[in-house]
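Structure first, then comments.
Every chain is named by a letter (A, B, C and D) in the order it is written, and numbering of its residues begins at 1.
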Amino acid sequence: MVRVTVWNEYRHEREDDHVAELYPEGIHTALADALEDRGHEVRTATLDEDEHGLTSEVLDDTDVLLWWGHLAHDEVRDEVVDRVVERVRDGMGFLPLHSAHYSKPFKRLLGTSCSLKWREAGERERLWTVEPGHPIAEGIGEQIVVPEAEMYGERFDIPQPDALVFVSWFEGGEVFRSGCCYRRGSGRIFYFRPGHEEYPIYEQEEILQVIDNAVGWAAPTDGVEPTFSNVEAAERIGEE
Amino acid sequence: MVRVTVWNEYRHEREDDHVAELYPEGIHTALADALEDRGHEVRTATLDEDEHGLTSEVLDDTDVLLWWGHLAHDEVRDEVVDRVVERVRDGMGFLPLHSAHYSKPFKRLLGTSCSLKWREAGERERLWTVEPGHPIAEGIGEQIVVPEAEMYGERFDIPQPDALVFVSWFEGGEVFRSGCCYRRGSGRIFYFRPGHEEYPIYEQEEILQVIDNAVGWAAPTDGVEPTFSNVEAAERIGEE
Amino acid sequence: MVRVTVWNEYRHEREDDHVAELYPEGIHTALADALEDRGHEVRTATLDEDEHGLTSEVLDDTDVLLWWGHLAHDEVRDEVVDRVVERVRDGMGFLPLHSAHYSKPFKRLLGTSCSLKWREAGERERLWTVEPGHPIAEGIGEQIVVPEAEMYGERFDIPQPDALVFVSWFEGGEVFRSGCCYRRGSGRIFYFRPGHEEYPIYEQEEILQVIDNAVGWAAPTDGVEPTFSNVEAAERIGEE
Amino acid sequence: MVRVTVWNEYRHEREDDHVAELYPEGIHTALADALEDRGHEVRTATLDEDEHGLTSEVLDDTDVLLWWGHLAHDEVRDEVVDRVVERVRDGMGFLPLHSAHYSKPFKRLLGTSCSLKWREAGERERLWTVEPGHPIAEGIGEQIVVPEAEMYGERFDIPQPDALVFVSWFEGGEVFRSGCCYRRGSGRIFYFRPGHEEYPIYEQEEILQVIDNAVGWAAPTDGVEPTFSNVEAAERIGEE
């Protein structure tokens, strides 16, 4: 059992009827329910809560943080971003989803612009499993077909991933590195592309399976906290 | 100026009229001419020559070896494979092209099966540049469109590349890691997918540009030859 | 619980009194006991058994294979090597230990010579944890001190690891990449340096902890077996 | 010929007699002279100049930027940091040296704390060449011995490098990843550890050779500038 916090901007669902119909209680609730069903201990947090719902207490109590944002990346306060970044470096897993490629914590942790091409045309996406032996691909077939998706296309301006698990094909002619693993400090990061607010992608079984796998993979292990300071020599210096 | 040897199985061109029309003097000659035009010193070698044209003298005199094979991988003698593998480890660049994913030296150097999916349907391929800052992508646009190509699809059973430069999109629904960099020993390897014998792909300017760039990238630099032996300690052992 | 097979050449222990005293029932038995104590289901196999103890049945029933060899790498029959390599590509974890850097399966899976420098002077080794957040470093401190060790020094002729977890310091002046992760096919490989036959290194708690962690990390996950064949197009080809 | 800018904080040399003796005209001048001798077009810039000497004009005219700082990282203004980071992403090479591991641009580009252990004891350092085939190791032997150095020790809190070229051994018992390659956007980054202000390390031939090699490696190639925007589909969408 992993302690998961699902963070959501939660604006589309309150402002757009079509989105509200798909996710009546918000994308966060849909994801939280799915992860709870799979045996995790889940809470949610949203942008408009106090401290965006991400107090030190909440973060200290979180093993893996999911992040969904789109319209209001800029409204996320820098002190909360600092806190999230710090916790990731200390070991918390971090799963930015879909448009969270442009979220402040992801850009800060990666060091690049995280820009890409996009198109909203409700086109078909095929996510190919390029690393079937990776834990995040457990139980997933050779490809996941998303019937209608927003397109994200390369060049995706990210550092080379430590592992690349999925690559997407789009009907309109593009490809995209859709499942990318990184480590920053002691924390593990998995960016996962699917999940536009206008399609019921977070109801698709295989998508939820990947997110569940990623939660397991990103959960912290009990590594040493390194000493970062002036240290004494353990071996004698100055012998010839 | 890099000393290049273009190796070709050279069977299709002598057995199939359509291929003979496209490459009347063989794929090796087409590639050699293109690289010579770009300022390299180029020779060719083919399967049916003595020692497949790859004597120790030829290999010692080669900075970068291109390899094209398809029908007759098994006819390449193991002692020549050993020699090629050894030279790569000593620093020679190695550029397996297209169906050379299944060549003996590539499989030996990578340690995997190098298997993949395929289809011959003359479909459109789009190679997207995922690392525009890589030297192999110099002068290349955001994508290279190959009008008619054999499809290769993921899962491509290779080790994770040290750098992934191009990813292909295919009309029929697949993706492929089409430009993959590795180092083995002191030698650099770049696998480049395009180049089926039935389409004039090696006449396409951008494809030749990538191969020229890869020749430059893979050319050996003058690194130290490591000592692999029992060595004396440079520092005193046994002090407390 | 992971199904582990510990393979050992088992020659030193029967030929050398000093080694026999340290590992009276062989290195394999010492490792097997330690892993059994940690909850795994363990069997052993040795060089002089029929098929080196590695029949298809044994390998099919093995999640993770540990490998210790030194004097007799050449006596390992190629058909058994083929079988091991095949099983790794199918997903079996593989943990070559210490002098198994020169074992046939490791060299075949890596594609390099796996050569290095060495010295037997009973010197102190310090293994520094460079990736404290990696699952293989769970519960391990900032460094593991091995009081007396054979030295292995860089250049270690291996492909760049997918992850580098430990780097060793030696009293005599050398460094070494001592804990290296790879994936080949669907299988995970972790090379771990410590373990010379002349010192009781496999009785050291932290060393056993790393091996236990590596067993957990390398155990296969249930990924899809990819199709490697001619495939039909899922999307329509030939539209303009 | 590469257009190089050597940036230096330039405080130690003006405040400390010992440092002033070693580098009477500043570390930047010593490095600039050495690179000019090797055929590059070099300018310098320092913290106390207007805009720290790094105006848009200077950066636009720079292929590779060297960075040396220690005491005054915090005095570097964020707008200049933004400008440097932006230029690296656009393709400018960036070589942070020694204590520049803590410089603002390096931390911003890497996304981690870049913390480490340290000790000033004038101890011996041995930089081992772990990738002799890398262009940055051209002409460098198996190791570089620095007679007296400040120690930097692991855990070094950095993302896993795209390539690891040098690993250091220290007399007092530590190791360090001393030569680390990254790509961020279209720009190449090489962190190189040697170079404390209290020892004449930038007069050591092999150290200057590595820096010269790194300048060559990090110089931008003419890659495409990616489109990051809403794009039209090149292929027809909506066929079944």
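The rule is short, and it goes like this: a residue touches a chain if its C-beta (ideal position, glycine included) is under 8 Å from a C-beta of that chain, and two chains touch if they have at least 3 such contacts.
Just so it is clear, the structure is predicted and the values come from calculations on it, not from any experiment.
Colleague: For subunit B and subunit C, which third chains touch each of them?
Modeller: A, D
Colleague: Based on CA centres, what chain would you say lies at the far end from subunit C?
Modeller: Measuring from the centre of subunit C, the most distant chain centre belongs to D.
Colleague: Specify, for the interface formed by the sequence copies subunit A and subunit B, whether it is same or different in terms of residue numbers shared by both sides, with half as the dividing line.
Modeller: Over half of the interface numbering overlaps between copies: same.
Colleague: Distance between subunit B and subunit D based on Cα centroids, please, to the nearest Å.
Modeller: Subunit B and subunit D have C-alpha centres separated by 32 Å.
Colleague: Measure off the straight-line distance from the CA centroid of subunit A to the CA centroid of subunit B, and report it in whole Å.
Modeller: Result: the chain centres lie 36 Å from each other.
Colleague: Two or more other chains in contact with one residue: find those residues in subunit B.
Modeller: As it turns out, subunit B has residues touching two or more other chains at 126, 129, 131-132, 142, 153-155, 160, 162-163, 171, 173-174, 183, 185, 226-227, 234-236.
Colleague: What's the contact topology between the chains, one of line, ring, star, complete, other?
Modeller: Looks like everything touches everything, fully connected.
Colleague: State the interface residues of subunit D toward subunit C in the complex, per the touch definition above.
Modeller: My answer: residues 126, 128-132, 142, 153-156, 160, 163-164, 167-170, 173-175, 177, 235-236, 239-240.
Colleague: Subunit D touches which residues of subunit B in the complex?
Modeller: Subunit B residues touching subunit D: 91, 124, 126, 129, 131-135, 137-142, 162-163, 171, 183, 185-188, 220-227, 234-235.
Colleague: Taking the complex as given, what residues does subunit B use to touch subunit C?
Modeller: It comes out as residues 89, 108-113, 115-119, 121-123, 151, 153-155, 157, 159-160, 162, 171-174, 182-185, 226-238.
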